Amino acid sequence: MIEFILAKYNYWIYITLMMIGFYAMIAKPNLIKKIIGMNIFQTAVFLFYISIAKVKGGTAPIEWEKAVQYDNPLPHVLILTAIVVSVSTTAVALALIIKIYKAYGTIEEDKILEMNK
Amino acid sequence: MSISQHFPVFVILLPLISAVLIPILSRAKKIYGWYISSAATFFSFMISVSLLRTVLDKGEISYWLGNWEPPWGIEYVVDYLSGFVLVVISFIIFVITLYSRNSVDKEIPEDKVVPFYSIYMLFVAGLLGMIVTGDIFNLYVFIEISSLAGYALIAVGRKRDALIASYNYLILGTIAATFILLGIGYLYMMTGTLNMADLRERLPALYNTTVIRTAFAFFSVGLSLKIALFPLHIWLPNAYTHAPSVIAALQAATATKVGVYAMIRIMFTVFKPHFILEVVPVARLFLVLSAVAIIAGSLLAFGQKDIRRVLAYSSIGQIGYIVMGIALANRLSIIGSLIHILNHALMKGGLFLVVGAVVYKTGITDIDGFKGLGKKMPFSMAAFTICALSMVGIPLTAGFVSKWYLALGALQAGKWIMVPVILISSLLTAIYFWRIIDNIYFEGHEVEGKIDDAPPGMLVPTFALAFCCILFGIVASIPVNITGLAAEMLVGG
Amino acid sequence: MKNNIIIQIITRLLFPFIQLFGFYVIMHGESGPGGGFQGGVILGASVILYVIVFGIDEGRKLISEKTNDILNCTGVLIYGGVGLLCIIAGGKYLEYNILPLGSVHFASHMGMLGIEIGVGVTVSAVMITLFFETARQGK
Amino acid sequence: MKTTYLFVVLITGIALAYGTIDMPNFGDPQAPANHHVAPRYIEKTHEETGVDNMVTSVLASYRGYDTFGETTVIFTAGICVILLLRETRDNKKKNRRKKGVRS
């Protein structure tokens, strides 16, 4: 049991991070905090992808005469794309929040919902 | 070496490159944005038709980007399924783009027209990319392009509620996309590949591992959020209500349909029907959810006063129909689902376009405000009535064909309980549309002032959609034949 | 920070070096860590630093709104253009090897460099756009 | 309401933990992810694309189209922010006038 947990410790960390982010994303009433949660949530997935890529004893996947083994380059590439997507989403979300703040004067979700009634 | 071999990639490149050119070229004149968009969507549609014809003549097309053979490189696949959906979606997009000129003039502030069209084209490129791709990570990238563009397009609605609707959509959309990304990671981890066809071959040996089951669960939840399947639909009504009319039509007619297409791809191409029917019987769960969605969507549409909200809730019900066909997973029900993708895109697109025309002329969106419009805007209202009849599923309209095939599929699968569900929901649909049509034709003249019908730039596209609703009701054999081939490919004989 | 002479001078000194480093990272992507995205962000950061120190109006003199908008699009156009060149040269989309530039490896090198530059231009321009558009809201 | 959210998050966590059971161990060289597609990227990068950095070769060449999509995403974000936040001078004047009326 202990071995099972230790052998996969990266995955446990990513699951914890993901739950934290997910909770903040859906439960926090503050719009900015939701975005912070979103970033944690997405970063957790990045950690997962990078964990797939790791090979014991491997070095960064750049050709090097002393290298015995390389890490898997493909997840790195995928996650570069996903990071860019995450940055873009955050940018659009923050722009929306600025507009919301200008229109409503607050960024607390419950107050905004009251105003909309 | 003819140019036609590059068509699969040109379908996406046309809108994408025009999205980039619009901010540069329309500095001189705002209207260039619309010209470029119309031209690009028109050629995209033409190329799609030509692709579908090639597929029907010669079979599946596979295009290797960068000439790296799959699974190492990215592959574009046009087969019966994607060819059909591609033609449907690019046609609707072309029609809506034609329509957009007047509506955008009215509803979008003048200084935002240029970036609006640019994002509009990016949205289109994202949707078309999702259809053609045969690589599961590429699918994610295009999902993100279309959804990012979608958030911004909804947020330009006139009222401030549009902002908060868009924000909520962004949060839920990001959860959905991240779940899909996670599912992709799980599949990659166990198989070492990202190509859909390759995954199909390598997965069956792994069906019993917990990793693959979790991956499937995350795909299901993520895609259900994207298509607004019933308990996960909360973002949809507000988004459709507060978005500009053109965008509401575009989102309702195309975005959810492409989401459903992605779902079909995951369930029947990446996984095999055997997986959802026997290994992990999620098909049953989806069947229940779809039945609930069909009934609940129709019931919720009842209580609404805003016409756009009625249409939004009715969309939730219609998504239920499509998912029902997927969950039954036999040849007839898949035909029903695919034809319903076509029909619902036509009908809902048409209805939202009429609403856009009413907003353009009067600014009214309340159902009560429709009183007496039948005399003031006779052509628009005629189109509305045709589309509404098709929604109900009156014989000789397109809506009847898909419901017929869905019912046949349900009987074939032995799930006869779904037949009354379809009938009850049709009845409910008839009742809530009757309320509106009654207002339009038989109530007094409440609208004051001189209102004439919408300009031809809006009427012609609306009628094109309404005409197709009738056309495909009478000449149903064309879509039935094509989707029949697609269904055979997906679930076999 | 408009009146702080030390920060102003240091920024002026650092500004070209940060940009040089940005270009280096873009060009160096083929043989070491780096690439278009990372280098583009560094380039964008140099302008953002400049604007933070000298103010938005000075920053607009450095890079006007019009140039910025056009640069946004240029990057994607370069990328798409390289792909189309490959089609014109008779290959598939983004098949660099086919480009008529002598050896296959050299063509592939140039193709990748082209798209890295495209990515870098778009990323840096978008970073600057994001900063300007949000910074202006405070006014 | 908070308990509902907590419940949803816990369900997600349990699903993820369930999925972890059959996963290959962290850093396992025998993991399937390292065997089907990846070896070609590692072994043939130099020969086929002429660059040393495998991440770059996969990013720009083998999966170059994804990167095109990535560039488009960032471009989309830029245009989205312009669409949402940019106000021309005329609009600003109007806004100021409105504010003036209110005060």
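A, B, C and D are the chain letters, set down in written order, and residue numbers restart from 1 in every chain.
The working rule: a residue touches a chain if its C-beta (ideal position, glycine included) is under 8 Å from a C-beta of that chain, and two chains touch if they have at least 3 such contacts.
Please read these numbers as outputs of a predicted model, since none were measured by experiment.
Taken together, chain B and chain C share the touching chains A, D. Should one ask which of C-D and B-D has more C-beta pairs in contact, the pair is B-D. The centroid of the Cα atoms in chain C and the matching centroid in chain D are 19 Å apart. Averaged C-alpha coordinates give centres for chain A and chain C that are 25 Å from one another. If you average the Cα atoms of chain A and of chain B, the two centres end up 29 Å apart. Counting partners per residue, chain B has 16, 20, 23, 65-66, 137, 141, 144, 148, 151-152, 155, 188-189, 194 as the residues that reach two or more other chains. Residue positions 22, 26, 52, 62, 74-75, 78, 80-81, 84-85, 88-89, 91-92, 95-96, 98-99 of chain A are each in touch with at least two other chains. Touching of two or more other chains is recorded for residues 31-33, 35, 37, 69, 72-73, 76, 80, 83, 93-94, 96, 130, 133-134, 137 of chain C.
The touch graph of these protein chains is complete, with an edge between every pair of chains. In the complex of the two chains, the chain A residues touching chain D come out as 7-12, 15, 18-19, 22-23, 26-27, 51-58, 61-63, 69-70, 72-78, 80-81, 84-85, 87-89, 91-92, 95-96, 98-99. Every residue of chain D that touches chain B in the complex is listed here, in rising order: 15-16, 18-24, 31-38, 40-41, 61-66, 69-70, 72-73, 75-77, 79-80, 82-84, 86-88, 90-91. Of all residues in chain A, only 22, 25-26, 31, 34, 38, 41-42, 45, 48-49, 52, 74-75, 78, 81-82, 85, 88-89, 92-93, 96-97, 99-100, 103-104, 112-113, 116 touch chain B in the complex they form. The touching residues of chain C, when paired with chain B in their complex, are 66, 69-70, 72-73, 76-77, 80, 83-84, 87, 90-98. Touching chain D in their complex are the following residues of chain B: 16, 19-20, 23, 65-66, 68, 71-74, 109, 111-112, 115-116, 118-119, 122, 125, 129, 137-138, 141-142, 144-145, 148-149, 151-152, 155-156, 186, 188-194, 202, 209-211, 213-215, 217-218.
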